[in-house]
Structures are given as structure tokens and as C-alpha cells.
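Each chain carries a letter (A, B, C, D, E and F) given by its place in the written order, and its residues are counted from 1.
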Amino acid sequence: MPDENEFEGEYQGGTVKRFLYVNRRAPHGTIYPHETLEMVLIAAAFDQDVTVVFLDDGVYQIKKDQDTKGIGIKNFTPAFRALDDYDVEKLYVEKESLEARGLTAEDLLVPVEVVSTEELREIMAEQDVVLGG
Amino acid sequence: MPDENEFEGEYQGGTVKRFLYVNRRAPHGTIYPHETLEMVLIAAAFDQDVTVVFLDDGVYQIKKDQDTKGIGIKNFTPAFRALDDYDVEKLYVEKESLEARGLTAEDLLVPVEVVSTEELREIMAEQDVVLGG
Amino acid sequence: MKLGILVNEGPFTHQASDTAYRFTEAALAKGHEIPRVFFYHDGVNNANKLSEPQSDDRNLVKLWSELGEKHGLDLVVCVAAALRRGMTDELLAAGFRISGLGQLIETGIEADRLVVFGD
Amino acid sequence: MKLGILVNEGPFTHQASDTAYRFTEAALAKGHEIPRVFFYHDGVNNANKLSEPQSDDRNLVKLWSELGEKHGLDLVVCVAAALRRGMTDELLAAGFRISGLGQLIETGIEADRLVVFGD
Amino acid sequence: MASRMLHTVNKSPFERNSLNSCLRLARKGSAVLLIEDGVYAAVAGTSVAERVSERMAELSFYVLGPDVAARGLGGAPLIEGFRVVDYDGFVDLVAEHDATQAWL
Amino acid sequence: MASRMLHTVNKSPFERNSLNSCLRLARKGSAVLLIEDGVYAAVAGTSVAERVSERMAELSFYVLGPDVAARGLGGAPLIEGFRVVDYDGFVDLVAEHDATQAWL
């Protein structure tokens, strides 16, 4: 979760852009998913129009039952549940990515919309700023 | 190339082990191939029994005609030609990796032995210390 | 046109910082405006003034500082990413400053394009 | 048995350093000898004493220092890798020292096994 | 409304799945620019060339020349349809498209 | 004479080619330990499971339990033949084999 002081000087310009966050990496092996989530929360705090997509190994980020005690790393993934409080409600997961990993929507820790590759292609194409990767 | 002072306190123990260096990454996109080559040279200076293998994108490290002026990065790959001076003569390249990339032995900047996957498997299995990766 | 730049990797280990530098240089030469270069993830290491590459290799920290000075660039290092990586004010090369992640979002909003260089 | 350890990535960005730490801890607890932990590539950043992670997360620099002190470990940072990454003596956390790459090869020769943690 | 995207890919198609995912998700009419280790996917006659060619009719493909030369591929035949650009051309592509997406 | 190798793989089999290369080049009789993001390859029912199963007769497969739990796979069925170890077991595997190779 971002520090309070991250929000100092909150954006007052009034412009709203479509920010797309692309999650393609597994959690814990690298810090990218964790730090990408921090970028999501700040964009939401700036009242931007945020969309978060999970594809490839990114779908593992929202797998239920993650317990990182044994590897000694803070589990950042419960913060995905806070997205709703930040009015980040557009979460999409690619069906093909889930299926390749033997997962279904029931395995996920937040409510998401499972979409086809074709649908995801349209969602991702209509954005102004793309982060993650 | 390593600094002279890297060789201070050169190993005097007399033990010779088989050091295997595994090159699986393309050059320039990351520093790993460059820094792995530095490890090869030091092991050779310590009179160890050094074997260097190139497979997967590692075969691109010894592609001829690399010219890095346009990307502003020092080209470390001519140093592969110096391996011979360090008595590092066991260089193997996997045939399958070359073929997948449309390359042949003529495309390579140092003399190497092109071996089959089966042969490489045997070479890699008989080692004491494995570096690179 | 206003082009914002995001650099996500440290110098040397990945080419991302080199490519970002060359892109920024080319954009400026073409007359585009670079409202901000933001350094996130290991990108914060681009600001480490103690970096001393071999004398025959490029010095990316210095290159960014010089480009920044020449064009008055706003080179911003993310505070949260910098803290965990031990990249503090005392290590900051000329022209860089440390600030919040909000500055990246602001750049995304105000620039016409945001271009990401990473790994 | 003598187990040498090579750590190739910085803390936080990749899990490699965490795994190496936990492996080293377990090996010591089992009575193995760890003649040296060598830090190469971005692994040199494990020695940066300025690193300040969030208070509820692990501090790997401190963990290595403490493990080193408790067991008298030789924690060696590669000088060439450290120079380009701006990891100098003045940033060195307790228990680490900077030396040449030859120390890694020496560990490979003298240890019964060399275990590599990287990305 | 961002309808024309510029996609950049900087990973080798042999090592990672970044190019595959880009090819799967880039919408018809958008552009793909290969940079850094991504440029290996522009070379003709490799085991990944066909996957790229398959989308040649729907997407515009570009490759960064300095990265091609750095990797010793300056003389190698590229897949038909690729256009080579330098850093200036990269800047132009960013400016000409409505948004940029980096596949890392 | 190092005749029994322990191979470690820490990359996701969906993202990188590390596991593929390990499976291709590990000699019969050696062991493979999946750690970090490599553990996803131990789960049954994925698109990569068959590739692993094919070498089950020739290689010994292990997976690091703490990494499995961290990724929410503690309850997921693993491919038949996998043995779960903790960091202690990782140390034992290193000691029992003649050399260790990390596929990064």
C-alpha cells in the first residue's frame, strides 16, 4: 500500500485519462507485480479511469490462498481486495491464460470479469496510458 | 576484460576442477553474458579446466559482425577471440539452438565444436562447478 | 508533442536505460518536449552518482545528468522504490530529484504519450 | 560439507537473494560449513546499508549482516560489478567486504559444492 | 480515443513469451516495433519467423536498426514487410500512434 | 567425477524457456528441483504438465514447498511423482548430488 505522503499534491487538473495496467508476471518471484499494484492505487487516488488486466502468468497474482510466510516475503496480494475501495472496478482476466494454467474464476481472490482473447484485445486497444507490461 | 588487480593473489592451491560456463542469453540486452565472460577469464587465469557451452540465445553471443556503436554500448564480444590466449579451448555450441535461429558454424566469430543435444548433455553432466545459466 | 518517459531498470544490467536515453535524446533533437523522465523499480539506480563503469564504456548516470542539465529535464526518482533499494538523497547525481509515484501518474495525464522502457 | 553460495540479484527485485538467504540459514543449521557467500551482478546491491524497506517487509541487507555476524560468514562483493553499480566501501553494510572475482573461483575450487541463486 | 497503438517488444522470442502475447493481443491496424533483444524476431528463416509473418497483413512491423547491427544481423535477410527505423524513427512512431504499450 | 547433477529451475515454464532447456539437457539419473516461479511447472493439469511427465521415468523431480504455498498452490494436485521438500531438503539435495546447475 502506498504511504499517505504519496498523495501529497494530489492531482487537481481535472483531466481524466484511461490508464491500463497490464499484469503478465507471476507474484513473489520478482517485485514487478507488487510495485505495479502501487502504481494502480496512485492512479486511482488521482481519480483516473483505471483498467487492470491479468493475462499470462499475471493471473497467478490473484490466485487464492497465497501464504508467503515460508519464503519470508510480505504478501502484497491481499491489497487487490482493496481495489474496490479505490473505485477500481474494471478487472479483466484472459480466459485462455486461466485455462492454460488449469485455473477457473473460482480460484481467484477478487471478483473479475473473465474475457476471451478477442474481448481483451478490444479492451486493451482503447486506452491512453499503458503501464505494467 | 578483467582488471590486472583481479589476478592479485592468484590461486596457488594446485587443485584443478572442471568449471562449466553455460551461456543461454543473447548479448547486449542484459549484462549477464558480459559479466559471465569475465568469470570465464578469471577461472582460466586460475588454471582451472574450463568448458564454455553456448545454447539457446547464448549462440547469439558469438555471432559475427556485431557492431554496437549505434546503441552506445561497449562491444564485449571480441574478447571471445582472446579465450585461446587463456588456453580456453573447449567451446561447444548446440546444433539445435543454431538451427532454430537459422545460423551455422560459419556465422560464428570463434572456432567452436558444434555438437548434438545428446553430446552436449554428456559434456554438461561431467562438471564440478557450473556458472552462468 | 509532450512525451513522458518511464525507465524501469538500472543502468548496465538491462539495456532499457540505454534505449530510453537514446530515445529521449532523439525526441529532444526533433523538437519534442520531455516534461519528465520518471525512474521506477530498479530504474532508481540510474541516479547513483557513485557508479563508475570501466573507462571505455558509457557512464549512464553521467549521460542522464548531462542531458538533464542541457535541456532542463525533470529527472524524478520514485521515493518508495528508492528507499528499499538504498538510493537516498546523498547518492543523487546532479539533476535528479526524489519524489512520489504521483509524479508518474501526473506525467501520464499531462503528456501526450508515455513511453515505457523496462524489463 | 563445504557449500559455497553465489548471489546474482539484488534484494527485493528478484527472489534469488531471499532463497539464497534461506538456503544458507538452513545449511548452517544442519552443520554445513559456508566458506563464502559471493555477490555478483546486481547481487552487489545486497550489501547496501542505506536500503530501507517498508517496516512490515523483510530487510535483506540486515538479515545477511546478522547471519554473517552470527556465523562469521565471509560476505564478499565483487569489485568490478560493484564499481559500475555505484556500490562502494562507504555504502557497505556490516560484515560485507569488497574483493576480486578471483574469490568466487577460489570458492568454486575449495568448496565441495557451489550453489547459484540468480535470475 | 486511442485506436492505433504502437506496441514495443524488447525480449527474445526464443526466451520469453512477450512477442507471442503481443501478437495475440495487438489489434488489427496497430504497429509493432521490435527493439533490444526483440529484434531477433525480425530475421527471416528462424523457427519463429512464421508466427510473425502470419500477422503481417494485419499489423505494421518495424525493427530498430541500431539494435539489429549491434547483434550482428545487419547483413541478415529480414522477414518480408519489416521496415527498419533508427531512434528518430522510433520517436516518429510514438508520435504518430495514439498510445504506446511496452511488452516486457 | 560429477555424474549426478542437481538442476534447479526458478522460472515460470509459461514465461521462459529455462525449464524446456533443463528437460532437454538433464542427463538420465539426475534430479530437478523447482523453486521460486519455477514451481508452477509442478502443478497437474496445466498446458506444460505433460512435458514434465514425459521425463518422470528418467529424472527425479522435487519442488520447494514454501514456494508452492506462497503461490497459493498448497492445495493444488501436483504431477504424480513430484516430491515436496523444504529448505532443509534443498540443502540435502545439494549435498547428495555431485554438482548443482541453476537454469536461470
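Keep this in mind: contacts are C-beta pairs under 8 Å (C-beta built on N, C-alpha and C of every residue); 3 or more make two chains touch, one makes a residue touch a chain.
Just so we're clear, the structure is a prediction, and the values are computed from it rather than from any experiment.
Listed by label, the chains that touch chain A and also chain C are D, E. Taking each chain's centre as the mean of its CA atoms, B is the chain most distant from chain A.
Distance between Cα centroids is largest for the pairing of chain E with D.
Chain A and chain B have Cα centroids lying 40 Å from one another.
Distance between chain centres (mean CA atoms), chain A to chain D: 32 Å.
Rounded to whole angstrom units, the spacing between the C-alpha centres of chain B and chain E is 29. Residue positions of chain A with contacts to 2 or more other chains are 24, 28-31, 56, 71, 73, 128-130, 133.
Contacts with at least two other chains are made by residues 12-13, 15, 19, 22, 41, 54, 57, 114, 116, 118-119 of chain D.
Counting partner chains per residue, chain E shows two or more touched chains at residues 10, 14-15, 17, 36-37, 66, 86, 99-100, 102, 104. If you check each pair of chains against the touch rule, the ones that pass are A-C, A-D, A-E, A-F, B-C, B-D, B-E, B-F, C-D, C-E, D-F, E-F. Note for the complex: chain D touches chain F at residues 1, 3, 8, 15-16, 19, 22-23, 25-27, 29-30, 32, 112-119. Every residue of chain B that touches chain C in the complex is listed here, in rising order: 28-31, 71-74. Touching chain D in their complex are the following residues of chain F: 10, 35-37, 66, 86-88, 90-92, 94-95, 99-100, 102, 104. Chain B meets chain F in the complex at residues 18, 20, 22, 24, 55-56, 117, 120-122, 124-130, 133.
Within the complex formed with chain D, the residues of chain B that make contact are 2-3, 5-11, 13, 15, 17, 19, 31-32, 35, 38-39, 42-43, 45-46, 48, 128-131, 133.
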